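Chain lettering (A, B, C, D and E) follows the sequence in which the chains are written, and residue indices restart at 1 in each chain.
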Amino acid sequence: MNRKNQHSPDPANLPAHPGKRARLWRLLYGHGPGNGSLMVLPLDQGLEHGPTDFFPHPPALDPQYQFELALAGRYSAIALGIGLAEKYFAPYAGRLPLILKLNGKTNIPDDAEATSPALASVEDAVRLGADAVGYTIYVGSPRQDEELRNFRQVRQDCERYGMPLVLWSYPRGRAVDAKGGKNSLYAQDYAARVALELGADIVKLHEPEADAGGSPAPYAGLGEDAAARTGRVVRSAGLTRVLFSGGTKNDDDDAVLGKIAFYMQSGATGVMFGRNMWLREFDRAVALSRAAHEILAKYPR
Amino acid sequence: MNRKNQHSPDPANLPAHPGKRARLWRLLYGHGPGNGSLMVLPLDQGLEHGPTDFFPHPPALDPQYQFELALAGRYSAIALGIGLAEKYFAPYAGRLPLILKLNGKTNIPDDAEATSPALASVEDAVRLGADAVGYTIYVGSPRQDEELRNFRQVRQDCERYGMPLVLWSYPRGRAVDAKGGKNSLYAQDYAARVALELGADIVKLHEPEADAGGSPAPYAGLGEDAAARTGRVVRSAGLTRVLFSGGTKNDDDDAVLGKIAFYMQSGATGVMFGRNMWLREFDRAVALSRAAHEILAKYPR
Amino acid sequence: MNRKNQHSPDPANLPAHPGKRARLWRLLYGHGPGNGSLMVLPLDQGLEHGPTDFFPHPPALDPQYQFELALAGRYSAIALGIGLAEKYFAPYAGRLPLILKLNGKTNIPDDAEATSPALASVEDAVRLGADAVGYTIYVGSPRQDEELRNFRQVRQDCERYGMPLVLWSYPRGRAVDAKGGKNSLYAQDYAARVALELGADIVKLHEPEADAGGSPAPYAGLGEDAAARTGRVVRSAGLTRVLFSGGTKNDDDDAVLGKIAFYMQSGATGVMFGRNMWLREFDRAVALSRAAHEILAKYPR
Amino acid sequence: MNRKNQHSPDPANLPAHPGKRARLWRLLYGHGPGNGSLMVLPLDQGLEHGPTDFFPHPPALDPQYQFELALAGRYSAIALGIGLAEKYFAPYAGRLPLILKLNGKTNIPDDAEATSPALASVEDAVRLGADAVGYTIYVGSPRQDEELRNFRQVRQDCERYGMPLVLWSYPRGRAVDAKGGKNSLYAQDYAARVALELGADIVKLHEPEADAGGSPAPYAGLGEDAAARTGRVVRSAGLTRVLFSGGTKNDDDDAVLGKIAFYMQSGATGVMFGRNMWLREFDRAVALSRAAHEILAKYPR
Amino acid sequence: MNRKNQHSPDPANLPAHPGKRARLWRLLYGHGPGNGSLMVLPLDQGLEHGPTDFFPHPPALDPQYQFELALAGRYSAIALGIGLAEKYFAPYAGRLPLILKLNGKTNIPDDAEATSPALASVEDAVRLGADAVGYTIYVGSPRQDEELRNFRQVRQDCERYGMPLVLWSYPRGRAVDAKGGKNSLYAQDYAARVALELGADIVKLHEPEADAGGSPAPYAGLGEDAAARTGRVVRSAGLTRVLFSGGTKNDDDDAVLGKIAFYMQSGATGVMFGRNMWLREFDRAVALSRAAHEILAKYPR
């Protein structure tokens, strides 16, 4: 395990609040790659998409599968909601950091007016010994006022308890669709800045795509390539650390690793890949996780 | 009475919280079959459907009928709302566990935007000596954000007081209808996972039906038989115990018992049959309940 | 005054909560008929319908008229809202029980989405020395979730302070209209059960009418006569005591008394007649009230 | 100054609450006409209508103008909102009672679903040394439930602090328009009763107009003259004191004084004329105010 | 540095509340021009408009750019939101006053029903050592009741903590559009008065434009020139100090300075120019800021 950075992390990169500092230190230097980069295993798909997501690899339906993988693959943390945390986390507590995802919803109604209600509180995260909370904002939703108002309470509670805040900054809703869609550079770039403006410590974004029509100026005619686009959203997030999402499953291990390398080169702090990890056979998933480690080891932050 | 398990229940199956543990122990081992399975008698139909449901057997209009049946039939618990609990429960307190159903609504408006408001609190349940609370979530309703937000408070109160939480996880609303209906495997499977993700101790589900058109992939073409479907939703619920609902009345006692056996073989923890029990003559209902006991006795959990 | 029951009321009919017991005792045995039946004079029409209701008998516009009538006619209680209670009740306090009606609205907008906001609290009732609170629920309204949620707080406050709760259980809203209207047996029967399920001590209902089209099965083809219908809703209310409303004014005194006798024969605990009392000349109204007393005296509860 | 009544006000006309009594005494007997009648100068038009209202007499744009007029014209009180009170009231405190208007809105959106949010609290009024609070209810608005619910809190705070409550009882919204408009006798008569039912100490109304079509029965065919109409609404307000509004500016001083005399003859407690006072040259406005005093002096209340 | 006024500011211009007085003194006399005028550098565009606004001058994407400019250009304060304040303000604390902008939103959905949710609280501002808070009200929005209700809490917290309140008083929403648009004299004049009526200490407005059609009378035919219009809105704001916004970028430095001189001649207390400052090369932006200082120095307030 690469722990040489453990003894000399740059304290300038960590906030002054002692509680937040202690928890971020554990995520960045105490677990996972241990060099300030982050490799997080998410498991909120069962609620967000339904059991559908587990069909390609049925053992992944049992949450213990992801916990075992997170441990064996030496992830920086596992990210999941209150129900799973309360029933499955106890045996792993201390050995594996927890990012408690506070809000969520089903995808049964469409996302035209998407909003994600809180299912747990920062106090729940403190009680469970979590090292961070996760929270989704549907950037640009017609109900953004509710989204942002609810977020405020979470941010203030995080401030009070010294809890790092990981923002799932997701463009969503009919106005986003009308302006080029949720994965466009316009949408992801705005989402990155929103995370910074709202006070997130870490933001989870999707790789920005070229304009497929509908993006507002100056994005519409920008014509940047993937590297320029991805670097741009990382810069827009400023001092908020960026994690990129893995998205739907890709069976090609090399392609998955290529994505990780690309994101790290673009300035990301790390990745949050779920289905691309836990929809594989256990041994292969562990091997892929370790290969990912080798990439992240090259990018101390 | 089968009480041999009372002296050696597997404590690993019970949560660490002492209050929750004590109450769950009473439900699982102290009453009813006493082997970790559950047989619950529900009486929320008067509010949910109106007095209509009592027409086939008028004595059942008087709530005392169900209390007497629950006692004579040795049910694990009776499940009903605050009004009935406050007026009828006292003479049975101690002899019969109470699951206080906290929310409810009439079925006068349609269910396109279904939501179920809380009519009582976890504190009411504590005050009445209940051993669990019941709560309905309309999974997939356009108003899911309210549903989930309200549920959060209930879950947190349950955590505080050590009160087991039984979730009526009911797919409902226009988006559910558009995706194959409330009883489809898609809908019930999602509902099972939602119960787990939200932190329910026990979930009440309906038997999942084959796709009658409209189910999203991969459910649409799955073609599983009833046993596969029912086993699937039990697995999707993970460590959340599953009870199956009885639904509308079936006059054939053997068919009712056959359903119970089928659910138990599929991995359920028990059943919550109401109209199929209390819409029978008292003696016949008691006899049917005892026959159900014999089935549950074969499935220690 | 018939007070022989005062010294031996059946305590089994009263709740265990000492505050609620004391107040219910005053209503049932300490005032009015004094035999467990109830004769309540309501005055919420000025808010609910506007001054229109007082046009047939202008002296009734002055609330003192109703207070004097309630006293002279030996009513069990007067039922009115916070504004009238604060300005007119003081001289009658102690001599005349007060049911403080907590919520209300104007009828200027239509009732398609009827909801009744709280104008006062249970604490106000305690402060004013009221012996019960009144609260309206629009059963079946599209906004039933708000209605029920608000009611929950009132019920819990009543529990805390030992305040009896009289529910105006009124079917209302476009779904009720579509299912046969607010006064159908279907609607009134459901409203009676809702009152029981919600935990009302006393419910105010309207006499159920035969199906005029639109009632759901099995009510549509039931064909019961008035006595059967009225008895049915009283039974559906279970241990919740039933008062019947007087509705619009009937100039025929005998017809009014006939209605009262009919309701009592049907199992009601009493009546809440307003316009049929206070829209008469004072002396005639007192005489009619006394004649009503003689009827109620025959029905000790 | 007419202060002979100061030494013998009828205490029966004042509420028992000592704080409310002290403040009402100051308004009714300690300032203004001093005989139990009221002459209030309102300045909420800048918020409710915009600076438009000051165009006919630009000096009135400076709030100091109204404060000086209220002092020189010996008004019972000045009525305005929190922003003006905090910036302009201090030099007049003690010499001029303040009615702090708690809620308000712009007239930029139309009034079909009018609602008036609170901009200040009863605590603000206490802190500023106000002798009453003002509050607007849009009677009959489709959002009446919010209006009434918000009002409840204000009334309860007034009760707690002993603060008199002046209700701007204004019919408004699409249902009011459909039933004959906001100034019809139907609407104003209902508004008067609502003020009484809600617990206002003083109500501000507009002079009721004859039915111009659309009024419900029995108002539609009533055919009462102005005196009968105005007397009617005063009676409908019961023990709630009535102030009439001045409305848009009338350049004819005699007509303005004629209105005041007419309202007092009809039973009003006083007037709240704004634009008809402060849209005049200062000296002329003071003279008109003094002439109004002479009229009110004839109507001790 | 012009600090001669520091020793003799007119205390009559400052509020009595000691905390508010101390903070306003720092803004008006302790920093910036130091003569009672204000020069504020805003940075809320990243949230309000997205990263788009930084495209013309990419270095401005890094918030440190604006902090350095505010310091080098001797601004009275920098105005920005919680996320930027928490991550970038610490090194400047004490040397540069902070106006913490409490609310904000994205411009992804349109503004027909604009509302701006609070992202931080007055307590956050106190904790960060801010000398004022900023808050946006969308004057005339269909959701004005929410806007105003939320503002009330902020104003009351400011009162409690002695925190000056800077109001972004922005006409917005479909009713504003229908009445001539957000920058018309009608809209800006109303917005100025709203700021005064709501209790703002300082208001940020836009330069009012001549009626382009749609303004209500008397604005429609007013025909005032720019100086008359601008002076008018300053007078409508009364004792609330007025800052004018810079709006979109103008490359002509002289034109920018001309605007500043014009606003000061019109009675403004100062300016809040963002893009016209920080979308320039650093040295040129500093030079422009210093030239602005020379203008403001001529207008002691």
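Operating definition for what follows: a contact is a pair of C-beta atoms (placed from the backbone, for glycine too) under 8 Å apart; a residue touches a chain by one contact, two chains touch by 3 or more.
These figures come from a predicted structure and were not determined experimentally.
Listed here as common contacts of chain C and chain E: D. Of all residue numbers used at the contact between chain A and chain E, under half are used by both chains, marking a mostly different-residue interface. Measuring from the averaged C-alpha position of chain B to that of chain D gives a distance of 58 Å.
Between chain C and chain D the centroid-to-centroid distance comes to 36 Å (mean Cα coordinates, whole Å).
Residue positions of chain C touching 2 or more other chains, listed in rising order: 146. Against chain D, the residues of chain E that register as touching in their complex are 16, 139-142, 144-146, 148-149, 151-152, 155-156, 159, 171, 173, 175-176, 179, 186, 189-190, 192-200, 216-219, 235-236, 238-240. Taken in their complex, chain E has these residues touching chain A: 46-47, 50-52, 55, 61-63, 81-84, 86-88, 90, 104-106, 108-110, 115-121, 124, 146.
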